[in-house]
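Encoded as structure tokens, the structure appears first; notes follow it.
Chain nomenclature is as follows: A, B and C, assigned in order of appearance, with residue numbering initiated at 1 for each chain independently.
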Amino acid sequence: MWFQERLNIATKGRGMVEISRDIESLVASSGATCGLCHLFLQHTSASLILCENADPNVRADLELFMGDFVADGDSRYSHVQEGSDDMPAHIRSVITQSEMTIPIDNGSLALGIWQGVYLWEHRTAPHRRILMVTIHAPS
Amino acid sequence: MWFQERLNIATKGRGMVEISRDIESLVASSGATCGLCHLFLQHTSASLILCENADPNVRADLELFMGDFVADGDSRYSHVQEGSDDMPAHIRSVITQSEMTIPIDNGSLALGIWQGVYLWEHRTAPHRRILMVTIHAPS
Amino acid sequence: MWFQERLNIATKGRGMVEISRDIESLVASSGATCGLCHLFLQHTSASLILCENADPNVRADLELFMGDFVADGDSRYSHVQEGSDDMPAHIRSVITQSEMTIPIDNGSLALGIWQGVYLWEHRTAPHRRILMVTIHAPS
């Protein structure tokens, strides 16, 4: 059984948006009880990550770390036409990832207890991001 | 054909545990001759990596690099309740990855000659880690 | 429907080679109209990345960033027998990724408008790299 759908996710600028429940809804709609769920972000300046979902400080610390590691406005960059956060956004996306597969078990994503799925917006301005979800399961 | 099983992997604290053979055993049990094998770690403070498997110095140098890059006990972090290695472990996990898919060919993982699959424990204390393995192959 | 084939890709030394069209050709050969395409690099000193494909400066800036982040010839490394770019190449590969899955829609890779698939060679000398492509689609 195959199920493919695009999700349109609004971001508020740089930061993480939890999308676990959006994905769970699609898994429920698909009727899959076991199998695999693949997520693909059609953008090169945002990421998909699995992150601790209990303490919001984890995301804040991660943002702090990344902002320091890949500094906005680095004067060495040539790709600067779209703003000082654009090249850093591409780097942050390559350093993390923009696609992932999550197993489905008992009709749900087989995430760990403290694991959430996040879309990490790397641009400072709000964006709309297209996430392609492909669910594949025994028929 | 679908096959799904959880592996319980003991770690001795920070460092890499080769799990190529554990995965190969499951591939053999599944009877798959070609197809895909997906690995998913249900944790946010450990990673799955593909790494050179001949010279142990590669893993030692990688640990050295990562320890310097994501320093334990960084005073900027707010998420410190579970120890000075906890937030770094979350960062190390996001910077690498916690899931991957490996092709199956001729009844085995189609790894390169020098490629091994490793679970990278990022916490300093020993842990038990759950790895969900999903094998999918033509029936 | 399953389709599995190895591509042999020549690199000119450190830098990115766009492989989107090579993958598209295999998708066309497979006859898949929807489904998933998995890419697996059988090497630990090169990566697969999704990157902005319009402005070549993005790849140049990414190379600049990575070269500064993971310096060649770092005197702390023990794994130095194969040259000063070898251990950095392993680190660069672990920090990025060597496998990915891309959805297929309407008989093509469902990439974003500005998204290209690149093989990132991390060694300074030219190499031949084996990429295993597995396409899986409803029959």
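As a working rule, contacts are C-beta pairs under 8 Å (C-beta built on N, C-alpha and C of every residue); 3 or more make two chains touch, one makes a residue touch a chain.
Keep in mind the model is a prediction, meaning the values are calculated, not measured.
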| item | value |
| --- | --- |
| Subunit A on subunit B, rotation in degrees - Cα superposition, rounded to nearest 5 | 120 |
| Shared interface numbering between subunit C and subunit B [over half = same, under half = different] | different |
| Separation of mean Cα positions, subunit C and subunit B [Å, integer] | 20 |
| Residue numbers of subunit B (touch at least two other chains) | 95, 97, 101, 136 |
| Of subunit C, residues touching subunit A in the complex | 34-36, 49-52, 55, 57-58, 60-62, 64-65, 95-97, 100-103, 105, 110-115, 136-138 |
| Sites on subunit C touched by subunit B in the complex | 2, 4, 38, 40-45, 70, 76-79, 81, 87, 90-91, 93-95, 97-99, 101, 130, 132, 134, 136 |
